[in-house]
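Following are the structures in question.
Look for chain A in each of the two complexes below; its partner is chain B in the first and chain C in the second.
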Partner chain A sequence: MNKLIKYKNRLKMDLLMMLRPQALIALVAICTLQTLNLIIKPWNRDLGLGAIVYELYGGIMWYEFISPQAAAFWLLQLLPCGMAFAGFLEGSMDSRLPYTAYRFSSQTAWWLSKVAANLLGCFAIALFSGLLCALIAVLGGHRGLLLAIQDAQGFRMLSMAPLLLALLAYALQMGILTGLGMLVYLISRNSRLALLSYILPAAWSIMRHSGDDSLLMDNRHRVINWGMAKRFSQGGGFGVDTGEALLGSLALILALALLGAAVQAFINQTQRKAR
Partner chain B sequence: MNTYLKRVLSGGGLYWGATLTLFACLYAAMGVLSYLGLSYYTKGDVVYFLTLPRGDVIHLLLPLIAALPAATLCAEDRSRGYLALVLKRCGNGRYVLRRLSQAVVGAALAVALGFAAYCAIVYSHSPYTADVDMKEAVSTYLPLMTRHKALPLALDTAFRLAFAAATWALICAGCSAFMGEMQAMLVTVVAYYFLSQLLVGSALNEWMPQRIQTPDLFTAAPLWQYSLRQLAQFLLAALFGGACLAFALGKRGGMRP
Partner chain C sequence: MKPYIEVIDVSKRYGRHLVLDAVSLHVQQGQLHGFVGRNGSGKTQLFKCICGYVRPETGEVRVKGRRIGKDIAYPGSLGLILEQPGFLPQYTGRSNLALLMGLTGRVDRARIDRALQAVGLLEAASKRVRSYSLGMRQRLGIAQAIMEEPELLILDEPFNGLDENGVRDIRKLLLTLKNQGRTILLASHNPEDISTLCDTVHRMAAGKLITEA
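== the complex of A and B ==
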């Protein structure tokens, strides 16, 4: 029982490092402005509550030629987590490292604790963002959480599943990118490099793999598209397979965590200086 | 080396910025390169390649390119711990001016270096220079560059991008007075994307950062309007950066030693 409380407290501290005031301010500012930017448009006035959250966290549609605005939209959605991640790296994995590392039984245990905290943080950010967006939409007079979808037989039905799926895919996408950033930081101890490895793969992939041409370049199996629920296949149409997206994201997060655990064997964390 | 320039050049941010600029320019050219192949270049292609960095991915990466050299300036001052001595020697006003100008120089240099590397790659990979010696290459290219306005075009593109990078570097320098290096970079990126998004389709559409950076040269519309807007943005950014730094050095500021 004591051990469980200890783990819980460590996770709590890591989450507090991640969700610092700067990160929360960024989250509130970005979410508020993005939501307002969407709901003030005259053609979006009739959208339901669920549809608004889905529009904002379901990613972007397939594009033949993606515009910088569309790419910037999704990158902007990923940046609150970037702010939280920056705080997490500076606090939990750098300045507090000498004071907390000795509490763990091994470096691997330390690393796995950070991975778990990071993943929880990503889910928390996705949840907060969704709730805040919904709250702003409610204040704007939008109602109705259910979304109209088409099942495999072509029947229209109302469901909350796309909304939850969008938030889940969004959280997993952030989990992959932060996992990669953490691994880069673990190897290089360079926070700038870690941050670049969070932003650049996302920017590059959005620009490169947003087309829906399945013959020239099949983008259904690209990681960036696993995080956008709007690009998921619905009713058998073109798109990313939902199972592949969710399981693939989880597998990738797990692979990055295991890779980090393997790298730990060759690194003495407490004797390295951060750059 | 002069300590002023040394501070700009010693941080890795400048070189990261230059690498990102080169990457953004090459990314724009990549689709054409893989489709046509190098051996099919014509005279017009050289000019065409120089217009490519005016769009797409450079817009996404520009705030990052600008912020990389600028974000470290204040963070280093805070972490080194002798800011009190620096301020005693040069005074608050001069310190602010120095940091702002270093941010501007760093960002402009990053874009200039990256763009110069891109131009060098475009020219050196063209069949006009592949099989001939350097002297002949220069004599082949000189009339081509002047007649097709390739050089003015390249210079205009590089200048506008460098100017835009300098503008966003000032904003990043202002943000870095209050927050860590990485947070300052991210806030700059967020501000840039937001401004770009919010102004689309609004009455202030023509003040969009991308539109100002890369006016369409082929419509023959006067360019001075774009340059004026860009200058106004630069001055506003300088005001913001200066005010943030001055406030941070004040009695209750985060940078006050």
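== the complex of A and C ==
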């Protein structure tokens, strides 16, 4: 019981670091602007609530040419998590380290606790973003959480699955990027480098898709596509396989966490100065 | 009797700079050892080696017979002040302590209040840390070190930023803790703090330890 309370308290403290007012303000501002930008368009007036959230957090359709505007739109959506991640690095992994490290049984326990808190934070951001987007859409007069999809036989049916899938993929995408950032920070103790490693892979990967030739075949192995539910095949022949994307994301997050745990044996975090 | 802390021939080097030079030290349980020396003489590095934050290149540190960095990562029952404590300014003093105590398990409000009372911060415990003076933050730092009632206290310059009353209060507190059987390592630039409080005084210079009395 005491162990459970301890783990809960550890997660709580790191979530407080992540979800600081600066990050939450950025999240509210970006989500509000993007939702308003979507619902004021006349052709979106009849969209349901679920469709709006899906439209916003599902990313870019697999067959679409990625314009600079669309790329910027998606990268902007990754920004609140980037800000939360910056707070997490500063608060949980840097300035408070001398006062928190010895309260863990080992450096590995400290690292695994940070990994879990970071992942939970990404899910919290995705959930909060989805709820806020839905709230704004409701205020804009949109109703209906269910989306029209086609089943394997081609029949039309209503489901909430695409909406949940979009938020899940979005959360996992942030989990991969922050996981990479954490590993870079662990090795370099350089928060700027860690933040660059959060945004640069996403920016580089999405820019690579802006040419016509790399739309189809290349899609499956690009990690950025694993975060956009609209690039999933969802029963069709094209796009990224949904299972592959979700399992791939989870595997990558786990691999980064385990790599960090292995690196711990060679790096003494408390001995090095943050840069 | 086996020493509570054994530092055996510990050396540490950063690049060409030798910060600890074959340091050996034995501390019995319930003793208060003082460390003096100029900035950069190696006091903080020695403390970091004892609490498991720095791995020595040669030699070893044992606390209660267990090797730090090998048998255990950190001494099991430890309270620590190193550098300026990084509290969350938007939270109250009490909440900050609760968040830190929560890392080890259940939050014991009575213990937190006892620690706040001991450092004279109980009345200001519900104020946000951003409104605290430097001295109040230092008192809060001492409170976080003692609140879990640890067996070993490592205090690096705990009197920094404290006014005359603060220094007097904390000296009294340290003597009380010593009388309760806590083992305390204390570094201070003020020779009076060291001479009035400590059983043994160590002087550090260029990474070497000279035990004076």
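Everything below uses one rule, namely that the second predicted complex is superposed on the first by the 263 of 275 C-alpha atoms of A that agree within 3 Å, B and C clash if a C-alpha of one lies under 4 Å from a C-alpha of the other, contacts with A are read in each partner's own complex, and residues count from 1 in each chain.
In this section, contacts are C-beta pairs under 8 Å (C-beta built on N, C-alpha and C of every residue); 3 or more make two chains touch, one makes a residue touch a chain.
Values in this document were obtained by computation on a predicted structure and should not be read as measured data.
Trainee: Given the alignment on chain A, is it a clash or a fit between chain B and chain C?
Mentor: fit
Trainee: When the two structures are overlaid on chain A, which partner does A:Q22 contact: first (chain B), second (chain C), both, or neither?
Mentor: It touches chain B, and chain C stays clear.
Trainee: After the fit on chain A, how big is the angle at chain A between chain B and chain C, using C-alpha centres and going to the nearest 10 degrees?
Mentor: Given the fit on chain A C-alpha atoms, the answer is 90 degrees.
Trainee: By the touch definition at the top of the document, which applies to A:A86: first (chain B), second (chain C), both, or neither?
Mentor: In the superposition, A:A86 touches chain B alone.
Trainee: Could you look at A:L195 and tell me whether it touches chain B, chain C, both or neither (first, second, both, neither)?
Mentor: In the superposition, A:L195 contacts chain B only.
Trainee: So, A:Q153: does it touch chain B (first), chain C (second), both, or neither?
Mentor: neither
Trainee: How far apart, in Å, are the nearest Cα atoms of chain B and chain C after the overlay?
Mentor: For chain B and chain C in the superposition, the minimum C-alpha gap reads 12 Å.
Trainee: Following superposition on chain A, which residues of chain A contact chain B and also contact chain C?
Mentor: Touching chain B and chain C on chain A: no residues.
Trainee: For the complex, which residues does chain A have touching chain B?
Mentor: Those residues of chain A that touch chain B are 22, 26, 29-30, 33, 37, 68-69, 71-73, 75-76, 79, 82-83, 86-87, 89-90, 191-192, 195-196, 199, 203-204, 207.
Trainee: Which part of chain C faces chain A closely enough to touch in the complex?
Mentor: Against chain A, the touching part of chain C is residues 48, 51-55, 73-75, 78, 80, 82-83, 85-86, 88, 90, 99-100, 102-107, 144.
Trainee: So in the complex, the part of chain B that touches chain A is made up of which residues?
Mentor: These residues of chain B touch chain A: 12-13, 16, 27, 55-57, 59-61, 64, 68, 179-183, 185-187, 189-190, 193-194, 196-198, 200, 210.
Trainee: Looking at the complex, which residues from chain A come into contact with chain C?
Mentor: Residues 2-3, 5-6, 9-10, 12-13, 16, 21, 91, 95-96, 98-107, 268, 270-271 of chain A touch chain C in their complex.
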